[in-house]
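For reference, chains read A, B and C in written order, and residue numbers begin at 1 within each chain.
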Amino acid sequence: MNPDLAFLVEVLVGGLLSGVMYALVAIGFVLIYKTSGVLNFAQGAMLLFAALTFVSLTERGVPFAGAFAATLGVMVLLGLTIERAVLRPLVNQPPITLFMATLGVAYVIEGAAQLAWGTQVHGLDLGIDDTPMDIAGILVSRFDLFAAAVAGLMVAILSLFFRYTRTGLAFRAVADDPLAALNTGLRLPRIWAAVWIASGLVALIAGLLWGARLGVQFSLSLVVLKALPVLVLGGFDSILGAIVAGLIVGAVEKLSEVYLGPVIGGGIEGWIAYVAALGFLLLKPSGLFGLRSVERV
Amino acid sequence: MATTSSPVAPPLRRPSANRVGLVLLLVLAYGLVPLVGTSYLYEAILTPFLALSLAALGLNLLTGYAGQLSLGSSAFMALGAYAAFNLSLRLPVLPLPVTLVLAGLVSALAGLIAGLPALRLRGFYLAVSTLAVQFFVAWVLNRFGWLSNDSPSGVVSAPPLVIAGLSFEDARGRYLVSLTVVSLLTLFAWRLVASPTGRSFVAVRDNETAARVIGVEVARTKLLAFALSSFIVGIAGVLWAFAYLRTVEPAGFNLDRSFQILFIVIIGGLGTLRGAFLGAGLIVVLPLLLSRLGAALLGDGFDSGTLEMGQRIALGGLIVAFLIREPAGLVALLDRAVRRVRRPA
Amino acid sequence: MNAFLAVDAVSLGFGGAVALDSVDLSVAKGEIHAVIGPNGAGKSSLLNAISGLYRPDSGTIRIADDGFSRVPTKRLAELGVARTFQNLALFKGLSVLDTVMAGLVHRQSAGLAAQIFGLPAARREAREHRERAEAVIASLDLADVRDRLAGTLPYGVQKRVELARALVARPRLLLLDEPMAGMTATEKQRMSGYIRAARVSSGTTIVLIEHDIGVVMSLSDRVTVLDHGRRIASGTPAEVQADPAVLAAYLGLAFDEEAA
């Protein structure tokens, strides 16, 4: 293969794989947004909290499985608490109010996580060899492949859950039409609780993968900022959109970093995804998979 | 029957009482404080309080009155500060007040551009687009060393505050400059929200379709809100850098600062001018209170890291508590307290 | 024909569902014209098309001398058209006085600087607009609540505030989408009085959607009946009442409408 082309493909694959990691965070947002219209800014803080709890437990000698189960329990509790103590009293408030409340929740969780577990950086080793693998002349990170596989598995489990369980079906009904679902006697609070538990699970998995990649530290909660352009591009309410947009954002970031960076200067990954996502949205206001909604007056 | 000239219900606003209160406040701020103030009072409390109040006032015009959520306020503070720094460095002939106004205009122009997506996007999509501004501005300020006079660290000293040959370099002088700038811009904002334009801001916020039907130029109104808000926020940035920090550096204008200003607006009260001041007062005093409290409770175990985390928790908790218990903010609490005091009379 | 408002063969659909099917409507100057029909007949869609909120798929709308395929909502006030909404569309953070003054925003000519620095032109304009707003407020018996926030008032009063915001512009054409929905018989009487007065004082042409047949018969000069997006009858109240198509499509439902 032409070395320039091989390099391009390598960059593209690297970008797509890191895009999977973005999609992983974005899915946590979508789950909650679909059912309750809340853009949960605390998703990043939950991710940090999960990773910190897990790594602190393993450092204290708790085996992997035990630490995972214990952290999952903590995340379920955290999700339920947020839902019950913060969002339930704010039901029927405008979306922006709910968003700002989750911003406050993010601050509380970030402060509490670090107060409890300290502010130093923890290494997190999931036991995955990170030497690059050679596939048809293209170097691919093993870790990225593993992360993609985990993400794929999680999406599969979630979609099975939504297809075949009572709560899952109820979730879909609520997401399609909350009013109608309410009228047919579905119990919204129970679905909200289920959704917050699910997003706690997503936060745990994303937290472990991101923590293994970046080290477990405060800046982990900032991956929320990586998920926002993904959500803008894919729509706040589409899991498929989050995955596709995650891949696109990952690829755009890597490609522009490699090819555009030398021209206009480094460090553009902080904003290029935002500009790309917004540019796309301005051209096509309905987003990747969104439906045009008719304004009723 | 159609000519009821004397209203039965008493008007809610009492301009005369408000005006007396305002004059008293100004007398206090200009007359009494400079006589008794210590430099700790000026440097740790009053000057940052004034700069943050002004930034929150600017954001409140956009978010509280015109209903456009912005998560990128500190980018406009940074633009104002850097514009003022470069103007005073490269055009030293300009008097400080002119530099201030020009810096505000630079920020307003950027606000105008940042407001363009508001013509197509709403709600969260718009909020995310203001985050793009936040990160883009931070990148530009780091990328082009020329903007910080090629200082290797990126940190540069603010120029001395001299107006008409008089130096306002000491703590009290910087307080007085801040107070004057904030007073004038608050007057400006007060006139604005009472004007037909201010009415159009609220109309667009509360019902965009109805606003368009009665003839409000929605696009122009939104852009105007962005520009005027950014003008004020930009000048707040100049105060923050020149009068409070005494240095200009990108780090002071990060996302946390943007959130802090949004929090001030929420805690103080969206869509009120007084709210910006009440909220800023609480935000400035909170860490001082917490550190006293922490030291008293925990003694030596209370270090600066613990304080910072405690502060984060308290701030986040306050936001949630206000949104649930008092969405109208400290202003509503204060009004209720005042009514309770007045009723027996 | 000297119609002030002429809707000509307007059709409108939303993703397969037909809201309006080649609807004609002709309203003479100074007429009070009621549009009636069962729920989902397309009444609100028709008003939204006339005010430019919806873009018709085909057909034209003529207001006075200007014909449009889509009425420009931005220029609505300038064209002399004002409207109210089925579900209240007030500015809940403005006082009643400010809300009514906002109805004059299209007449605003003083610039921003003039407003902020209180220049004479802006002050004169503000005084004039205030006087006009106060007059409308008085004529709709809203003086008692002049300083209250619009969003804090009872439903029926909010409906009146919305009418005041529309009337202050002295529109040539007034579109009222269910101005009396949810009102008691007494309130409906008063509202009918305000609407009649508006026509008398400024010769306004009025199109209103209303469910209460009694109100329609006593208030309107002419009636158009819609059913499933089609016009099935048009004429004087008496003519329409006697029309067999209307009886078939509509009056059978009148009882349900009343109950709803």
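Just so it is clear, a residue touches a chain if its C-beta (ideal position, glycine included) is under 8 Å from a C-beta of that chain, and two chains touch if they have at least 3 such contacts.
What you see is a predicted model; the values in this text were computed from it and never measured.
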item	value
Chain of greatest Cα-centre distance to chain A	C
Central chain (by mean CA position)	B
Inter-chain centre distance, chain B versus chain C - centres from mean C-alpha coordinates, in Å	41
Distance between the centres, which are taken as Cα means, of chain C and chain A, whole angstrom	47
Chain A-chain B separation of Cα centroids, rounded to whole Å	32
Shared-contact residues (touching 2 or more other chains) in chain C	53, 85, 89
Residues of chain B touching at least two other chains	209
Sites on chain A at which at least two other chains make contact	295, 297
Complex contact set, residues of chain C against chain B	51, 53, 73-74, 76-78, 82-83, 85, 89-94, 98, 101-103, 105-106, 108, 110, 112, 115-118, 122, 126, 129, 138-139, 141, 143-148, 165, 169
Touching residues (chain side chain A, partner chain B) in the complex	39, 86, 89-90, 93, 95-97, 99-101, 103-112, 114-115, 119, 225, 228-229, 231-232, 236, 265, 267-268, 270-271, 274-275, 277-278, 281-282, 285, 295, 297
Chain B to chain C touching residues, read off their complex	1-5, 7-9, 11-13, 188, 191-192, 195-197, 199-200, 202-203, 205-207, 209-217, 224, 271
Chain A contact footprint on chain B (complex, rising order)	69, 117, 120-121, 123-125, 127-129, 131-132, 135-136, 138-139, 142-143, 209, 255, 259, 262-263, 266, 305-306, 309-313, 315-320, 323-324, 327
